[in-house]
Every structure is written in structure tokens, then in C-alpha cells.
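Each of the next two complexes has subunit A plus one more chain, namely subunit B in the first and subunit C in the second.
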Partner chain A sequence: MTSFLGFVEGPLWAVAAAVFVAGAAWRIVGLLAIGRKPDISPPRASAALGFIKANLRHFYPRQLFLGRTFVHLLGGYGFHVGLFVLLLFAAPHVAFIKDRILGFGWPSLPRAGFIVAAEFAFAGLILLWVRRISDPVMRRITDRDDHVGSWLTFLVMLTGCMALGQSHEFLRASHMLLVDLWLIYFPFSRLMHAFTFVLSRGFTGATYGRRGMTP
Partner chain B sequence: MIIRYRVCRRPFARVAGRRNWPVNVCRSVLRARPLAIALATLAVLSLSPAKGLAGTGMAPTHASRPSWPVVREVARPGNALGKESFSDVWRGVRAGRAFKLSDPGLGTGVLVRSGGQDWRNRHLLLVRRYGGVLILLALGAVASFFVFRGRVRIEGGRSGRTIARFNQAERLIHWFVAGVFILLALSGLILLFGRVVIADWLGKAGFGVVVSAMMQTHNLFGPIFIVGILAMAVVYLKDNLPEASDLTWLVRGGPFFIGHLPAGKNNAGEKAWFWIAVLGGGVLSVSGLALEFPWIVAELRQWQLANLAHGIAAVAVIAVAIGHIYLGTVGVEGALDGMVTGRADEAWARQHHDLWLGEMSADAGPDAERPERPLAPPRTADTPAE
Partner chain C sequence: MTAKTADAQAAIDKFIAATDSAAAAYFDACVHCGECAEACHFYLASGDAKFTPTYKLRPMVRAYRRHKAPFSGLKRMFGLAPPEVTGEELETWAELVYDSCNMCGRCTLVCPMGIDIAGTIAKMREGFVAAGLAPDGLVLSEKNALETGSPMRVRLQALKAQIAHQETETGIPITLDKKGADYMVILSSMEIMGYAETIGALARIFKHAGIDWTISSKCFEATNVGVQIGSSETARELVSRVVDAAEELGVKYVISPECGHAYGALRWSGPNLIGRPYAFEVVHIIELLDQLRREGRLRLKGKSNEAITLHDPCQIGRRGGLIGEPRRLIHHVSDGFRELDGAGITNLCCGGGGGVSANPRAHDLQEAAFACKKAQIDKLGSLDAIVIPCANCRTVFEDGMDAYDMELETIGLSELVAGQLDDASSRGEGSRD
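Entry: the complex of A and B
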């Protein structure tokens, strides 16, 4: 009989990873398959360049909105950068990727760096969620999917933080269970923005870029 | 003994007859054989000091070295030199006396740091026992307040007109600190009282898992709290400076006064909570850093003080926070609105913060009395485009 850890890192992990890959691919292919109405006007500039420029341009705010979007900027960058650093460079994650996914790894961060990244990720996520519930406009455009996605991500991170001692199998198993659930939920929620933001920005950028302007 | 004598055919039994008294004396001595042997040995040793044990390592060295100061200098536990009583030696050990080590590189020679035991006793008494009582008292006070005073309703009901109370930055920082504080408080309480409250229920293995998880959580969220409490101090300071009306509010009974007490944007109780949170948070932050990064303190004594300060400040802030959470949610109708939506009902403001309402009305002029324009309902597919 397999252990709880064996189950969440074995069969459940395989199912969750398959759902994640297949679901995300299905969503992206679906978006690309929609296509767009042919533009018969003569192009004034390159649509492809507009696609790239819009993607890069939206990584920093326009001067006019800097003050109003400061918290969003701070929380957004704190959370996303922190999350990707600890996801890709935490020693346990690098070991897992090497052993279970790719077969090769890369140098990992020292523990202190990993902890700092986690601090930024947690602070950013909490700030973003607090803004979601305390800003009147954000509260109106937020629905259940946003809350589920935020809380599931928070719980994945929290159980990972709880397992930092690496002294109890149960804590690692709890973290892996939440990771599996997160992977299964991912393709069917707004968490897909991790992939679709490129298409979204690019679509607008290509459309306007063809007309000779960068949005 | 009788059985042994029988087996040995009573070799030392008394012999009858008057002429046999020398035999009987010798046999009496031999009957007390262990005592006799000990006395005989002692006599031999006393006649030839340090010869019988010479070379065995058991001979008292002071016999050949009569200098007392030298003996004291090399005194060490175990009383091997025989010039100090065991009681004095162990009393010295308990009091933190430094002994000479065979290898000076081993440390200070202090075998027992009594300060550690004193610190533990103080911690158990001040933090765990009195702290636990304080938190139970806070819960009891809140429950009593609810039972006897009930929910403080808005007199005459909500007016339907709202007034801006907390801006976006104030609400953001409040909920940010509140969320992190709750995580830290729960994990800290489990670390502090878990062994008393839930260890038996969870079992040793289960409790070990919980403690490990809570310790990692507590350590990770601590630095985030420091940033949050600093931001809170900056953002909220201007509305929490003492005013003359605070004294009136306090003198007339504060939260126990039934009726209206004049107050500005924050009454004296709310200002007290702000200062407790900020100053207590400051103590928690500094002491928490010393606990999480112990190499930044100079010596163990400072770490122990940091531990005591951390525990005392934590239970104090948690106890007051229980009251704050109650009054901000269940205890006072309309109190939560300002922190959720940013706007408070005018009737609530008139009842609890009349001076502030007056200031806001004077600043805004007649527009302050204008009802808030309701937000448009969310757009749906049926909503016509403008």
C-alpha cells in the first residue's frame, strides 16, 4: 500500500500534470484558432513588431497612471517575481524538477535567497488580494474564480513554507497535494493568464501596430 | 548471618570456660571482620602516608605539595583535590562559577548557566501562565460585554447617507497588517500554548508536525509584519495624536459610557489601540529579529530578554486585538463599513465620532449632506452600450 506522500507525488501528480499540460494547450490552441477578421486596409507598420512592442511596453506603467497603480505594481511585481524565483530556484524545487520532470537541474539559490524571494511573494500576494477586497472597483469586477485562484495559490505557498523544515513527510505531502489541485484548477481559471497575457497584449499590439501606433 | 555461621561450622563461636577469655576476645574481633580490616588499613596508612597509594593516582597530592593557593587554583568539580567540600563545589557550579579547563579552547569553564533556568522560570510564569490568563480574560471580557451590553446599534437606524472615512491606502495597510498579524498570532499561540492545550490531543508525532509547520510560518511572516507595521505607523499617525477631547472621553468612562461621548475621527480607545499596536509591534519586531537571527545579539542574556519581551508584547497585543476585532465587527453596528468600503454611515458617525463629522461637514460645506450617488449595477450582456 502506497503512502500518502507516494500517492500525491506519484499517481495524483501524473494526473495533475497531464491535466495541466493538456488543459493549457487546449486553451491556447483554442484562442489561436479563433483568429481575427481580415484587415483589408494597407498596413502602415509591422503587426509583428507591434505584437512584441506591446508585450514589452506593458511591463511598466505609463507615467500618467504611476501613482494610481503603484500598489498594483508593487504587489504584482513582488508576487510574480518572488513566486518565479522560488518556483525555479528553490533547492527542493530544482531537485524535484531534476528527479521527476526534466532529468537535469541547475544551480539553486542559497536558503537565505530563497526565503527573501518567499517573503516578496507572500507580501505581494496578500497585497493584491487585500486590494481586491478593499478597492470598490476591484471588488465589483472580482468573482469567485479570482478568490479561488488567489487562495489556492496562497495555500500552495503556505504549505510549502510550512514544509521548509524538511523534517516531516506529512508537510511535504500536504504541499504536493495542494500543488496537484492547483495544477488541475489552473487551465480552467484565470490562472491561465500566466500564458495568455502574451496573446492578449500581443493581439492588441499587433492590431494597433499595423496601424502605425503602439498601445 | 546465622546461616553463614552454620555453613562455616561456627568458626568464631564463643568458647565456654573461664580460661578461654583471650580466645573469645579475638573471636569477637574477627566476628566484626569488615570493621577490623578497615581499622587496620587506616592504621597502616596513617603510619606511612602517601606510600600505600603512591602511583595509583589516588594519593592526595597536597601531601607532597603543602601550598594551599596552588590547590585552590586547580580546584575542579569532583573534589579530586580534597580541599573543598562537594557541596561548595556543586553550589559553585550552580551559581555559574568558572572552573579551569584542561583545554582552554573548550570554552569558559562555566558548567551550568543558571540564567537559563531563571529565564525559563520567568518565561513560564510571565508569558505562559499570566499571558494565558490575560488572553482568557480578554475573551471573557468580550463575551461579557456582548452579553450585558449587547450589540451597540445605530440609534434610529442607518441614515442612508455616507461619509468618507478611510482612504484606499489606509484600508490596504490595515487589512495587510491584519492578515499577517492573524497568521503570526495563531502560529505564535500554538507555539506558546500548544504543548499545554493540543499536544495530548494530537499526540507527540502530530504535535511535532504542527510545531514544525507553525515555526516555519512564524519565522517567514515575521519580516513581512515588520514592513507592514512600519507602514501602518506612518499612514495612521496623523489621526492618532492625542487631543483634549480624548481626556474627556476617558474620564467619562470611555467604552463603558452608555450614550454619546464627543470624539474626533478616532476616540481615545482607538488611539490607545493604535499606540499599543505600533509600540507593541515595534517590540515584537526588534525582539523577533533577535530571535530569528540570534547571531545579531551579543550574548545569551540579551537573547533571553528578547524572548521574554517578545512573549509579553505578543500576549498583550493579542489580548487588545481581541477587543478591537470584537468592537470592529460584532460589537458596534456600522463600524466595519468604513474599513471595508471606505465610507461610514452618517448616523453612525454622529453617534460615535460627532466632532469628526462636524469637521468633515464644515470642510465639505453643504455637499457633505448630499446622499452618496449609488454605483451603477454591474454590466451584463443585456446592458445596452452607452
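Entry: the complex of A and C
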């Protein structure tokens, strides 16, 4: 088991991290390299400011839509906030980042904090997925990638919780294997929205920012 | 289902060519959350999931993922790329791209990724035109516009007759083709034939404020069916006609009328379509009126007490940037103004924009979608009139209100302002400050 753990934390981790970094960068660069014609209509306001404003504005909903989008908002924020708290502040993650990536760390969550963050993340992800399979709109637009991304993330989180005590190498190895698979899958999938959302909001913000609007 | 044979490859080529970095970012960022449906009046009115805005983009997304996206070659090699778009699929999708999308842009407001679905639908329509799948109503309007300058075949003779009538009504002469005038007015065919009192209102306001203006006999049509059907070539030709007429007369400004898409076509798309800046500025009539108000050049006999509300045309407000201007004007002339739910940037489309009202096939859908607008209006209780600064929206409202047995006067913003002017303080035709 030690050798399997060594493999998933060693060579496979290195390959997965490389695929993640290179793949995500390739995809972003490839997307930008497609290019866009410059807009020569006389602007009413700043496109650059529009890029920034749209990125910030879409973090919170417009009041008129709040009632109709409440479930998605709850699930989306619960999942993402929980996930990022776990990713950045779970004690094993802080230790891993310090030992294997950056060479320095930061204070980590106490166990109770981990459990609360995990509950938010799981509840949010499960809510989003149940909505995905039950809502007629979601069923119509969902494809295989949506399910693979959801399940892979779920399994990474599940094995991460199981490995929390680090009492069994198998559990830690399972978690690392799934993390490696998740990292390899990431650049080829819709998980890339973690990066592309900035561009998506920004392009719209720039286009309409020139017109003095932040849609 | 149309009987036409769709040229799928032509559509795919256009989809690929039209996918720039922005569209690619949209396609890559969409997480299929479905929130956009909650902002779409076609979905809200019908409950049919096929009207989910992001779903309408699917053929173009597929073409991008198969042919242009980063890693698309790798995915094709391993059989992981999505299948090719087919003609049958495009034929099915024509309803989603033309009949049930006003390109109103409301879905962008609710999208966590801020995806400009309306702008992408406009690009997607280029593919449908190439495939021969544009709706017959829009194809006819395009043919009319290219042949006669007007989608409704309104010719100069008809304009002159309407102008003569308005001159008689107002007692104000209107000069065509005045070289070196400050402003050139363009109009929509719908205004000329359906709401000609707008011409009289403009004459009164401009005389009152001392605006030096004219109308070109060579090009007086503001609408641009090219941007609605999805033909850059047609859009470019129609913009060029306005630009040529304005530059020939040597005007400083072209006034875009109370028409939604005409403003976007000339003000925001036009220079990009013809590939150069204009020798004049484009100003929307609402912007100009608000400027005149700010400068104290709209002197009133008093304010109206009628209970009125405002419909924000999508292409003027949400997608055009004029939200505050109409409100300041209405407050200037009225004490009875009340806002609709979600007024301003989140306002609901009338259901007829983006070429839908010119597409008879979409009539039932348009009428169903108007139910959302009706619900907004009903919520305000008793009203005397609704101000609609877009002639196309106005006809859609009148059709919709007729279908739903509603009684409410529609009025243009220029007419509203002109009706409250103190003509005794008029500065006289042609004079300027």
C-alpha cells in the first residue's frame, strides 16, 4: 500500500498536476488566441471598467430574480464556499501545500470547522445534482460532462472526508488517486468554468460597459 | 418543420467563423445551470424547457466543440468530440433561434457567468441564413429593405404624404435634404405609416428648442433587418445607406428614432459593419431630448397628471445604455409616472423584438409571451397610458392588448414631451442658441 500511496502522491501526482497546469493554460491561451475584432464604435464609457464591474456584479443576484433562482444560489454558494474552505484550509491540505508545492503554509481549520465546511459543500453539491436530475430545464440541458464533473468532485470530497483521520493509508491513497484523476479531467471538461467565468463575464462586461451598462 | 433543405455545412462554417474569443469563453464557461430560463419570457409563459436560452445555442456550441475549441482535434481523434450538426437538427432549431428569442438580453442578467446569449444568437443566425433557414417573414422584409429601403416597402412618396399631413397639423414646415443641417432624422417604417404623429411631435420639439434638422430623401429608413435576420452583408448595406446620406448632407448628428434595434444597428454595430468611424455622431432621440431638458430648452405649459408607466425597449435600455434618460424626461413632463416591476435593466421584453414580430410563424409564441408583460401592467392597477419609445414594441403592445382585451393608450416619448411644451416660448424654426 505504501508503494501505491507513493505512486499516487508521487509520479501520478506530478503527471496530474502537469496536465492540469499545462492543459488549463493551453485552453485559456487557445481560447484567447481565437481573437476578437476590435470594437470601433465610439464608446460611451470604459470597456475595461465594464470588464471588472461585470465580474463583480455577477457574484450576487438581482433582486427581481432572487425568488426564482434561490435554490441554485443556495446550492451554488454552499458548494463552492465549502469546497474552497476545505481546499485551502483543511489541515492535511495546508500541510500538503507546504510540503509539496509552496514550501510554506498557513493556519488550518480546526476539525469542527472542517466538518461544517464539508457539510456545506456536500449539501450544496447534492442539492445541485438532485436539481440537475429532477428539474425539466436541467434535464434538457445536462450532458455527460456535467455528471462526470459532479460525481468526480463528489468522490474527491467523500474520500477526502474518509481520509481525514489519516488512519488508513488506503483511504489517503484513494483520495489522492481521485484528486489526480480530477486534475487530469479538469482541463478537458466544464470544470474549466473555474477559470473561464472571468473571461465570460468580462467579455460581456466590456461589450456593454462601452455602452454604459453592466448587464 | 420547414420544407426547405438546410445546407448544414454552410451553417457550420458560419458558426465556426462567428465564434470569436468572447463566444468561445461563453461556450466554455456555461455550466448548464439553467438559470437563464428563469429570465426568458418564452419559457416563463410556456413552461417548456426547450425555450431555455442556453439550449438555443446548442448547434453552435457543438460546431465549436467539434471543430474550433482547444483540444477539439484530440477529442475527435479519440471519438470524444460531439457529433456533427445536421440539417434536420438545424431545421428543428430554427424555431428556437428565430421564433422564441427576441435577443432581449435579459438572460444575461441572471446568468452566473454573464453569458451574452442574445449577442451569440445574433451570430448564430448568420449560420441559419447561410443554411437557408431564415423565416419567410424576415426574408421578405430583407428583400423589401434591399429593394426599396424599407422592410414595409414605404417609399419616399408615402413619407412626403405623411410629412405634408403633419405640416398641416402642426403648421410647421419640414425641409427635406437641407445641406449642412445640424441633425438628420431617420425614422422607422412603422413610425411613418403607423405613428406619423411622431414626425409632427419632432417638428414641434425641434422648433421649440431651436434645432436645425432635416430628413434625407435618399435614406430615411432607420430599421435594419440585417441585424435581425442575421446577415452582416445586409446590415452593412443598410447602415451604409444611412451613412452615405448623412455624409452627403454634411450633418453633424444623425438622430436614431424611437426604435430599439435601429439604435443598436447604427450606434453600436454600424461602424464595425462598415469598418470605419462615421463623419457624424449618432444620437438617440431620447438622448437628445434629455440633453434639451438638461439645457432648459424644453419649456412646459405644465405637467401631465395622467397615470402613466414606461416600457423600456430592450435594445435602447438594457442593451443600449439608455435607462435614466427616459425617466428623467417623463418626470420632467409628468406627475403621474409609475414604474413597472423590474423596470430598467431587468425589464421584460414585449415579445416582438429581434425580428419575432416580422415572423408570422412566431405569432402565437409572441402572443403567449406577452402574457408576462400583461401581468406586469396589471400589477400597476389603473393606468391611462403606457409610454413606449419604440414603434415596433408599440405595435406588439397593441396586438397583445387586443388579444388580452386590455384597454390602455400607447404613446411615444416624443409625443408625450411635445404634448406638454409651452408653444408660446418656442424659439422658431432653424434658430439656435
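General remarks:
Here is the rule we use: the second predicted complex is superposed on the first by the 213 of 215 C-alpha atoms of A that agree within 3 Å, B and C clash if a C-alpha of one lies under 4 Å from a C-alpha of the other, contacts with A are read in each partner's own complex, and residues count from 1 in each chain.
By definition in this document, a residue touches a chain if its C-beta (ideal position, glycine included) is under 8 Å from a C-beta of that chain, and two chains touch if they have at least 3 such contacts.
Given the structure is predicted, the values throughout are model-derived calculations rather than measurements.
Of the two partner chains placed around the shared chain by superposition, subunit C is the only one that A:H58 touches, whereas subunit B remains out of contact. In the superposed model, A:G76 lies in contact with subunit C only, and not with subunit B.
Contact with subunit B, but none with subunit C, is seen for A:H168 once the two complexes are overlaid on the shared chain.
Of the two partner chains, subunit C is the only one touched by A:F188; subunit B is not. In the superposition on chain A, A:E119 contacts subunit B only, with no contact to subunit C. Of the two partner chains, subunit C is the only one that A:L32 touches; subunit B does not reach it.
Of the two partner chains placed around the shared chain by superposition, subunit C is the only one that A:S41 touches, whereas subunit B remains out of contact. By the touch criterion defined above, A:K98 reaches neither subunit B nor subunit C. After superposition on the shared chain, subunit A has more residues touched by C, the comparison being subunit B against subunit C. Overlap of the subunit B and subunit C interfaces on subunit A: residues 135-136, 140. Contacts from subunit A toward subunit B in the complex involve residues 71, 115, 118-119, 122-123, 126-127, 130-131, 133-136, 140, 158, 161-165, 167-168, 170-171. Every residue of subunit C that touches subunit A in the complex is listed here, in rising order: 19-22, 24-26, 28-35, 37-39, 43, 49-50, 52, 54-55, 68-71, 75, 105, 108-116, 119, 267-272, 275-277, 281, 318-321, 323, 341-342, 345-346.
Interface residues of subunit B facing subunit A in the complex, by the touch rule stated above, are 168-169, 171-172, 175-176, 179-180, 208-209, 212-217, 220-221, 223-224, 227, 340-342, 375, 378.
Touching subunit C in their complex are the following residues of subunit A: 23, 26-27, 29-37, 39-42, 44-45, 54-55, 57-58, 61-62, 64-65, 68-69, 72, 76, 132, 135-143, 146, 187-188, 190, 192-193, 196-197, 199-205, 207-208, 210-213, 215.
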